[in-house]
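Same chain, two partners: chain A is paired with chain B first, then with chain C.
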Partner chain A sequence: MSNLTTAPPAGAPSVRRRGGGRTPASRRRITGAGGNRHLFFILPAALFLLVFAVYPVVQLVRMSLSDVRVDNLGADWQFVGLENVIRNFGDGAFGGVIINTVVFVAIVTVLGLVGGLAAAILLAPTGKWPGLILALLVFVWALPPVVNGSVWKFLLGTQGLFNTLLTDLGLASTAVPFLFDDRLALVSVALVNSWVVIPFNALVYRAAIIGIPGELFEASRVDGASRWQEIRHVIIPSVRSTTMILTVLTVVYGFRSFDFIYVMTFGGPGTATTTLPFLGYVQAFVRFDFGLGASTALIAVLMVLVLAVIYARNVRQEEK
Partner chain B sequence: MNSASRVQGRILVASAAAVALTLTGCTPSAQTPSGDGGGDGGGAQTLSVWHYFSDDNQVAILDEYKAMFEEANPDVTVENVFVPYDQLNPRLISSAASSTGPDVVVFNGADMSTLALGNALAPLDDYWADFADADQFPESVIHSLDDTVYAVQGYVNLLGLWYNADVLGEIGVEPPTTIDELDAALTAAVDAGQGGITLSGLPNSQGEWQAYPWLSSFGFTYDDPQREPLVEAFSMIQRWTESGALTREASTWDQTVPFQTFAAGGHAFAENGNWQMGTAESTADFSYGVVPLPIGAEGGVYLGGEGQAIGAFSEQPDLAWDYLEATYYSEEGGVIAAELVGSIPARSDAAGSEAVTGNDLMAPFADSIASNGTNYPAGVIPPESVADVQLAVGQAWSSVISGQLTPDAAADQVLAALEGLL
Partner chain C sequence: MSTVTATRTLTTDSPRPRRAPRKMFANPVAGGLRIVLFLMYAVPLLWIVLTSLKSPSDVIGSQSSLLFRPTIDAYVTALSNAGLFTAMQQSFVIAAGTTLLTLAIAIPAGYGLARVNSAVTTVILGALIVFQMLPQTANVIPLFQIFGQWGLLDTNFGLIIADTALLTPFAVLLMRPFFRAVPVALEEAAMLDGASSIRVFRSVMLPLARNGIATTGTLVFLLAWGEFLYAVNFFLSPVNYPLSALLAAQVSAFGINWPGLMALAVITSVPILILFFFTYRLLREGLTLGAVK
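Coming up: the complex of A and B.
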């Protein structure tokens, strides 16, 4: 080995080395070139991110600090500082929109996680039926939101399937105002969103559950654990890191949910189902106040960022 | 503004529009004129027409116009491009910011000022000045901003009160001519186990369009907005929802759903437009008719309908004008719209055709134009505030129907919003 790392004395005959006779220096150069090559491979993805993620966010910030209306969208944007944010918070209805958003995200997150875990536990065994149900779940998840939303709007109508069942079975004397009661409408749309997010969470949870060593289940059975105790003391602790990741993903999904509200209620009745993303859409693409809409979008982004930071700190503390 | 920042802006606008459209699942393909694209010279040409029609009968008009124009211009292919109603304006404005867009636009006439301010429409002054039949059109269908004509409506659409003659016969009432008679008829219908009235309460411009006749019937105007008329109108609507004459579900219905509900039977009335004649004929299996909305002398019915214009960035504006002249603005085109959908032609010669005068359902709409017709949007609303006013009133209307707001609170909300907009 030392021969390989010592330069031959001057005048000594050159010795052909294994590996093509490359010197350690040349190896280092190759290693260095390999590193650069890695960077080269990363470049397209980095460029893509810069153009389609970083640049729009920078422009979003710029737009949120400017007065951008329909008549100057393609021209000069006048800088107005925090005026758009102040206008938003000065609007009496904005507080209600924030509350709507938090309630919506909370319902989607809790039901999405609990439902996803429950479905994963039920579908964890391999076999024909779990596979079939899993395929159905993927189908539900993959359906375009516009289709899903339209179907659910029909199902939840006064003449829809749910109200027909409820009234025919005597569970309700009159049709339940799923989509037009000012309180129930938000819950109904959030439930539909949860129903859509459950399949994705179930798939991820199922992979985590399948990865739990079988010995853990055997040991718990030897100790006489019931099915519920097995879930509580084996499965839930084992999928904790998965839960953390899914929590963040589901919260982000809830925060950016727009399509179901658009299709099912258009933010109504009144503004009962207006959340931050929908408000941003209305401000930017109905009222054509692009600066105001951008500031709303930015507030939503910042709320998600705060949650992401809290999550990252929790993960770091756990790793310590 | 330097060119670099303009390019940046356009890229952003295009990205934002793409994201917004993707979010809503609506991504109409960009229509770029093919062929020589350089005007009316030889070679195959494609003329793109953006519209928001989804009703079969309304789509049929476009198909007829396409066939007409292609037959007269064998080298031209007319491409009708559907863009959902809520997406048409954003799509046009974002396209204009990146110097692209369709050749012809068929849009809600009330949005002309928004689109013109957004540089999405081409001025029509020169074409209109040279148009031999221009004197056939009344001033009310010519849309201008700062003395420049940007769009003209080939026909007028407005609201009326559709009634189910079978239901009215069952409850023994005549089609109402006043709000009191309407109230009594609704009570009788509900007592007989029938539905009362269907209308749209969607919290956007459609809601405002349907609300205005009732608001104005109690004396509300945008020229001098007062609280009392609003409270009275909103109270009437909540009386209807409390009695069951109007379902609170209407608070999230667009204008299509309430008419389909009416056409399915079991409802006494529908507040809806002349454009539903085709749907009524193909769907309703009961006797029906139309009377003017019973809103008294003070009430106003918007004279709406689609405006037609040339896209600001059309590469073949002359061809686009030829299309408009031969279809929407021609006598034959007006008759086609009347026959297929029941739209009332703006041209006086087409309005006097047998298709119009021989249609019993059109007469009440024509009466409404004469007695209650009102410019849409109200002239007092500044062009840059039109969208905000429509949204504010539409949201309050929806809230009242759903019971989210009391009539007093809704009136206060509307007045507070209008204060900064008018």
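Coming up: the complex of A and C.
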């Protein structure tokens, strides 16, 4: 499900601007007097989400302020205020989990954006090969995360492809513990996450590059710009707004990443690959301390709220 | 015909000339880098398939060996296991059920939000973005408790509802631009002819937005097919697991039978491959929708 955030809800602005057949008069008519009858169409989704999305968040808040274990999950929650949060911060591992989260998100975001842009530049030309490679990338993105996670767990294993290559080429004397080393494991899982997000970012960047006016490239060519200068002075500035939106989307994607951690390391060794959302899951469903898990998950939710505000601002600026 | 025009406007139509990128980077460096990119994504897929065709003893020796005697034992074993068919059936029921339910509520909502211009719209859109960004682990904790109370644990219906709640915000946000691309004048013409709102929606808007519906439906199906966190936690026994959850449970086990696991991964991916083959163009354009300015 980690694919989820990667879908851009930013489609609206592009369309709004070119609503060609839409005169001011017609807009007034449809949104004026009887315009709000369209709210009726929103009702089923609104009701559904109230019950199955809003209410769960309310329960999450209540749970985070209570002592909830397996035996009293159904009823009789004892209100304990901020005790769960205090217990979390008092736990020595919590600070490490925050650091893991920051490192993880940083790697996924930087590689996701740089790799996405690089792939987009390589695949922007029309033609058979760029087209086929792009399709391959999007297919990998569309595969269930469990499939991608399990193949990488296999490839990065002690006797996996990478270790065999490294030892055969003499680059390593013994197998590299990609998923078993305290530090390396986090980097490995983050790399795999970047690998999956690059196709999506490439697709979005590619559309932005294709939209750059041809004159810009011609002008830079007349000025004798090299391809590298063309990337630096034409492409990167032109796709700035896309970069802003993709940055927030990729940060959120990395932050809420769950599937690859679950499949590849399950947060280990120790808590080496445990990020904040994963910690909440482990506390609730492995240690059965639902109150503590809920408080951790709530901290994660609050962080996402901050990111959502940044995102909404960027999108609104785009619409102007 | 008009559908094509509408989607065109949405995705590819640009008033600016687009010839520049075509000539760009037609040099050997770019060619080499493209091969690297290709290998980065093709090799892992190739390895899934190769490993699934090995015998377990070949894998223990060297997992990266290219020389081995192919065998379809892993597939035979996997497919002769009755549990796999249950899992496959579960995957289809859950993914199809989620797609239908999500589309049923997200299509009208996307239309409504495309046509109402008020403060309410802004608030709802903001809420949808937030819900789309929430970590799934923050939903699974309260939903487990709520479903326990309502007797929805261990049922396909419960899982379909949970997946729908997860994917609806995304589906609505994706549907909305497709409806916005349809000129209001078309609706007004139909209304002048005496059609009701619902009639206009059904007979005018739905056919015009069918590319958007197909794109959204495909993506929802893909995501529901791959979802495993709810499945692993809301089904109390592995008997009801869909393929993705079955696969996740195998991977985290000790002493993994890699060929068997990779065969399971291939079996899980084949429906995705088929769907992808038929909908790639839609997916590519639907996903880039957000970026075309």
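The rule is short, and it goes like this: the second predicted complex is superposed on the first by the 268 of 320 C-alpha atoms of A that agree within 3 Å, B and C clash if a C-alpha of one lies under 4 Å from a C-alpha of the other, contacts with A are read in each partner's own complex, and residues count from 1 in each chain.
Keep in mind that, in the parts below, a contact is a pair of C-beta atoms (placed from the backbone, for glycine too) under 8 Å apart; a residue touches a chain by one contact, two chains touch by 3 or more.
Quick caveat, the model's predicted, so the values are computed rather than measured.
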| item | value |
| --- | --- |
| Which of chain B and chain C A:76 touches, first, second, both or neither | first |
| Contacts of A:205 with chain B and chain C, given as first, second, both or neither | second |
| Touched partner set for A:285, first chain B, second chain C, both or neither | both |
| Which superposed partner A:144 touches (first chain B, second chain C, both, neither) | both |
| Contacts of A:258 with chain B and chain C, given as first, second, both or neither | both |
| Partner chain in contact with A:42 - chain B first, chain C second, else both or neither | second |
| Which of chain B and chain C A:269 touches, first, second, both or neither | first |
| Partner touching more residues of chain A, whether chain B or chain C | C |
| First (chain B), second (chain C), both or neither touched by A:96 | neither |
| Set of chain A residues, in rising order, touched by both chain B and chain C | 52, 55-56, 59, 63, 73-74, 144-146, 157, 258-259, 262, 266, 281, 284-285, 290 |
| Touching residues on chain B, where the partner in the complex is chain A | 1, 5-6, 8-13, 15-16, 19-20, 23-26, 86, 89-90, 93-94, 96-99, 114, 117-119, 201-204, 247-252, 384, 387-388, 391, 395-396, 398-399, 401-405 |
| Interfacial residue positions of chain C with respect to chain A in the complex | 9-10, 14, 16-27, 30, 33-34, 37-38, 40-45, 47-48, 51, 60, 62-64, 104-106, 108-109, 111-113, 115-118, 120, 124-126, 128-146, 148-149, 161-162, 164-170, 172-174, 176-177, 180-181, 183-188, 197, 201, 219, 222-223, 225-229, 233, 244, 247-248, 250-252, 258, 261-262, 265, 268-269, 272-273, 276, 280, 283-284, 287-293 |
| Residue numbers on chain A that touch chain B, as the complex places them | 52, 55-56, 59, 63, 69-71, 73-77, 144-146, 157-158, 177, 179-182, 185, 258-259, 262, 264-272, 281-282, 284-288, 290 |
